[in-house]
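These are the structures, in structure tokens.
Two complexes come next, and they have one chain in common, chain A, joined by chain B in the first and chain C in the second.
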Partner chain A sequence: MSRTQPLLTTIAAACALALPAMAQAREVTLTTQLKNYGGDGAYLAVYLTDAKGAYAGTLWVAGGKAKYYKHLADWNRLSAGDGQRLQGVTGASVGAGRTLTVTADLADALIDAGYEIRIDAAAEDMRDSPAEIRVPLSTAQAGKAQAGKTYIQSFSYQFK
Partner chain B sequence: MVWRQLHRWLGLVAGTLALVLGVTGTLLALDPLRDAWQAAPAEPGLPVATLVQRVQASVPGTQEVRRLPSGGIVVYGFEGDQALALRVDPADGRILGDYQRSLLPRWVKNLHRALLLDDAGRMAAAAVALAMLGLSVSGLVLLLRRMGGWRQLAAPVRGTLAQRLHVLSGRLLLPVLAVSAAAALVMSAATFGLIQLDAAPEPDVVSVPGSEPALPVGQLPLLQALRVQDLRQLNLPADDDPQDIWRVTTARGQGWVDRYSGQTLAWQDATVAQRVQDWAMLLHTGEGAWPWAVVLGIMGASIPLFWGTGLLLWWQARRSRPRLADNSPLAQADSLIFVASEGGSTWGFAEALHAALVAAGHRVHSAALEQWRVPPAARHVYVLAATYGDGQPPAHAAGALAAIARQPVTGAQVAVLGFGDRQFPAFCGFADALEAALRARGWATLLPLERIHQQSAQAFARWSQALAQALGQPLSVTWRPRLPRTVALTLVARQDFPGGAGEPAAILRFALPGRGLPRFAAGDLLGIVPPGEAVSRYYSLASGRADGFVEICVRRMPGGVCSNLLHALQPGESVQAFIRSNPGFVLPAGRTPVLLIGAGTGVAPLAGFIRGNARHRPMHLYVGARDPARDFYFGAELQAWQAEGRLAGLHTTFSRTPGGGYVQDLLQRDAAQVRDLLAQGAIVRVCGSRPMAEGVAQVLDALLAPLGQSLAQLKAKGRYAEDLF
Partner chain C sequence: MKMTMKHTVPVLAMCLALAAAPVLADDDDDCDVPVSQWQSRDAVRQHAAAQGWQLQRIKIDDGCYEIRGRDAQGRRFKAKLDPQTLRVVKMKRRDDDDRRERDRDRTATPNVAPAQGAGPTAAPAPDQRPVLTPGTRPRGQIE
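Entry: the complex of A and B
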């Protein structure tokens, strides 16, 4: 079935979340492998929410056409007030069966503090999948693979 | 001129890509048809809430409900880990089957909108859409020019097969193409973010959990009020996210509903841009309007036809285009050559003159006569004008006299050279009119008007010498006639007649050569080039290609080079010949009756029409000759064809037999029947001598008057045409 060879797409995201005490930062590598769902390339929004579920920042947006962002419904809604949400964190949409690898610098204060990594996903003519992935941002969770609801075969992250 | 250039270059440059878009577009038009076929629309007035209740009962993990433009309902959900997309019946929530977005592999759509090249391809496809819009607009302008305005837009189209196909299909499909291309541009603009579809950022609203459990869908006022026919998409709140909300999209806007309170937390009206985009989607894809999808599909499939015929027309025009070396810009030229040419032969003389003047050191600009403009730098102006029919200007130069009257007079000297045939009463009539108009305007004379008969090389050489003297410098004008490529035709049979007026006549049948002859029909012309002759003679064809032979009827003319050559021809011998199409005279297809009128050898093309009338269209032939024993050409065949049903009525008259007369007398005698045919919309074709045609025209005009019609009207509609000699 897998006609498409998984392609390692490595993108270094120059993303440093603006927090007051940015004393220490850790580099985190997020790996998202898509299923072979047999459709056009997926739009993905990778973002952080805090302990209360409030939006804390965007790590990556795959897919460049703004008119489709409404299909990444949760991210689009939560991040609406963030004028810089696309600053330096956008890339091409991710083809079915392919792997997106993104690195980001995260402040230590974000880790093990109740923050969550979320991914919204959508593909043309297919269903929208907000909150495709929701995993806590914690040292315990690092390295553990998690499947998404519709498009994502497995998602995991590693601290450097 | 600009429109023609625009049309040509857009067609040539964007045409190949348009071909891809047209074919894939036709395939994609199948999807709306399939959707319409499969759709099980909701009953009118069904609340969205009720639909969701039914759907949830049969698809427990429902996450999203969409109403397709076709009216069909699709439900997205989960079964375990497996994502589902199901078609459901809104009447009871029953699952009808899996939902596939398209019948076609995905690459077809990606080829159509992005040529499989992502953003670069999207831009290219948008550029093609823009080119299509340009082609539609320029095509409309050219169509209006060709047909003579909006009122004549629906008139019959004349011309070669390629021209007719291009114009006929253009007339039907041009508006569809324009609409589809404009819609495509709107969609592209939205894709590239040039049009902002969303009104405002989405509202930051969430469901607020309290002590109460989430409300069932039946208690949500917005979803009870909304009708399924207005629904686009409904997203249900996720079970595992207490803050998740109901999100509903309709054509009018988008709403967010709290899952606990049932309150509509926010509503955003759809923007004007979004509505425009919705319309563009409908008009470009035909989704939700299957009859329009059919029209779009036909339009897409016709693009190869447009492209092919357009390319052919361009190629034909290119081949007949004059080859001018060193054509100086108009403003810098000291010598201007203006040309009015019907078949292109006058351009041959213009080329020779152009080359000679350039060799003599002049800066020369040659152009079509209707572009008449004389800048101050020009010192000599040459007008080479052919005459068409009875003193008419060639079609392209119809506005030339008006252009000359508009433009200011300069100090340049003008010479007019007319081309024509002395057999016509108004020999070089258009050149006469030009000469008179120019002198009346006060243009100075370089040379007096000279008229050239049948492209006479000697007469042209004499005029060139006179010109050299007037310019006071030697000129070497070498003119060689441009003849089409000829093919050798071998005589296979001949039928000899004593002829009516002393000279014999013969029906000559040539074998159809394997290659080299284009398609031809009865009524087209066969050009014969006698050896060593520069000028060809034309004979009306009495057969079409389908008949499997080439047949003409030739009367020997005293001293006629070509007719004597043909008459001396014995079976097995051959002549050089070519086909010239005669689109105005060839019979259009159809079932309307046909009135054929001819005399002498003029019966030949009419006999050809009858021979090819396998479908037994009602054809009535009025034919005149002198003596049935001497010059009743095709007499035996005509009687046989009448017996076979190919000829409905055969009416003959012989002027040298007692009680006989001319063919116009015969028409007068049968006035009631002829008028009846004309009233039925009969197509009239006349072939023979000029005096006969004049007599026939008088009789027909008199018969048409009580019907409130005239011969001029019939001519304009292509119902009446003559082939005279």
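Entry: the complex of A and C
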């Protein structure tokens, strides 16, 4: 019993530290369904801008070849100063007609605070589409589907 | 049921392979041939001529030869060739009609940069990731 006591104390301390952080976080699931645009897999950058329109952070980048990131023009320009913009947020490009689902734990303070979710999109030999999607990050907007300009059939997000 | 080390290793290997699958699928049009085994550009031109292709450009992309030109039927195409075997890794044909349509599209709605002040501006400090909860990472899935 005496051996397990320090372990239990450590677990309790870890929970005590983690719980306040968890209470301030909110899980959001973003669902992006692409049109059947008849081309190669699309590169997508999903990112946030704040109430002033300044870049706030990257949530996901679909597509692994850095040479194509310049075609995600707005995101590439705005996030250039963020050295960790790709850390842990990259995946494969998304084929025409397929659906990308991204789940992220966002700070509670971002919701209903004027932040915006933006998606830039591009596909090989097709036109670039910066700001393909622009929607407010708000409880009122959650669950409402929106179509993109060129590649995205519908985009919506849900809070858990 | 107890899982022995003997069983754990193959299971872990399988999990890693499955996790890597989407990344690998994304790069299935890449070539990975040592430079010493590459055929010359002249060999590419001869190979193209034998196919009845008229080449306009040869370049190297993703470790492959990438060629553009017209095929034996006169259609524009772009292809990636394995630099060792000259096998076609990827081929895209394009009708002139498609090109005209795309050009018209571009003229109708020019792709211009947003006006200063209209779009988002400054990037945050490079070492900050304020939007995500510390210690968490987004998960992405394609269906």
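We take it that the second predicted complex is superposed on the first by the 137 of 160 C-alpha atoms of A that agree within 3 Å, B and C clash if a C-alpha of one lies under 4 Å from a C-alpha of the other, contacts with A are read in each partner's own complex, and residues count from 1 in each chain.
Methods note: a residue touches a chain if its C-beta (ideal position, glycine included) is under 8 Å from a C-beta of that chain, and two chains touch if they have at least 3 such contacts.
This is a predicted model, so every value here is computed, not measured.
Here chain A is shared; do chain B and chain C fit on it together or clash?
Aligned on chain A, chain B and chain C clash with each other.
Between chain B and chain C, whom does A:Ala80 touch in the aligned arrangement: first, second, both, or neither?
both
For A:Ala66, using the defined touch cut-off, is the partner it touches chain B, chain C, both, or neither? Pick first, second, both or neither.
first
Contacts for A:Arg127 in the overlay, against chain B (first) and chain C (second): which applies, first, second, both or neither?
both
According to the stated criteria, A:Val94 is in contact with first (chain B), second (chain C), both, or neither; which is it?
In the superposition, A:Val94 contacts chain C only.
Any idea whether chain B or chain C touches more of chain A?
Ranking chain B and chain C by residues of chain A touched puts C first.
Given the touch rule stated above, what does A:Leu48 touch, chain B (first), chain C (second), both, or neither?
second
After lining up the shared chain so the two structures overlap, which partner does A:Ala140 touch, if you call chain B first and chain C second: first, second, both or neither?
A:Ala140 contacts neither chain B nor chain C.
Among 2-10, 38-46, 74-82 or 380-388, indicate the stretch of chain B whose C-alpha atoms run into chain C.
74-82
Which chain A residues contact chain B in one complex and chain C in the other?
In chain A, residues 53, 64-65, 73, 78, 80-81, 125-128, 130-131 are touched by chain B and also by chain C.
For the complex, give me every residue of chain C touching chain A.
It is residues 22-23, 25-27, 62, 78, 92, 94, 102, 105-106, 111, 113-114, 119-143 of chain C that touch chain A.
Enumerate the contact residues on chain A facing chain B in the complex.
By the definition above, chain A touches chain B via 37-40, 53, 64-67, 70, 73, 76-78, 80-81, 125-128, 130-131, 147, 149-150.
For chain A, which residues are in contact with chain C within the complex?
21-22, 24-25, 41, 48-49, 52-57, 59-60, 62-65, 73-74, 78-84, 87-89, 91-95, 98-107, 110, 118, 125-128, 130-131
Taking the touch rule as given, give the residues of chain B at its contact with chain A in the complex, in rising order.
63-64, 76, 78, 81, 83, 85, 101-102, 106, 110, 119, 190-193, 197-198, 201-206, 235, 238, 241, 243, 247
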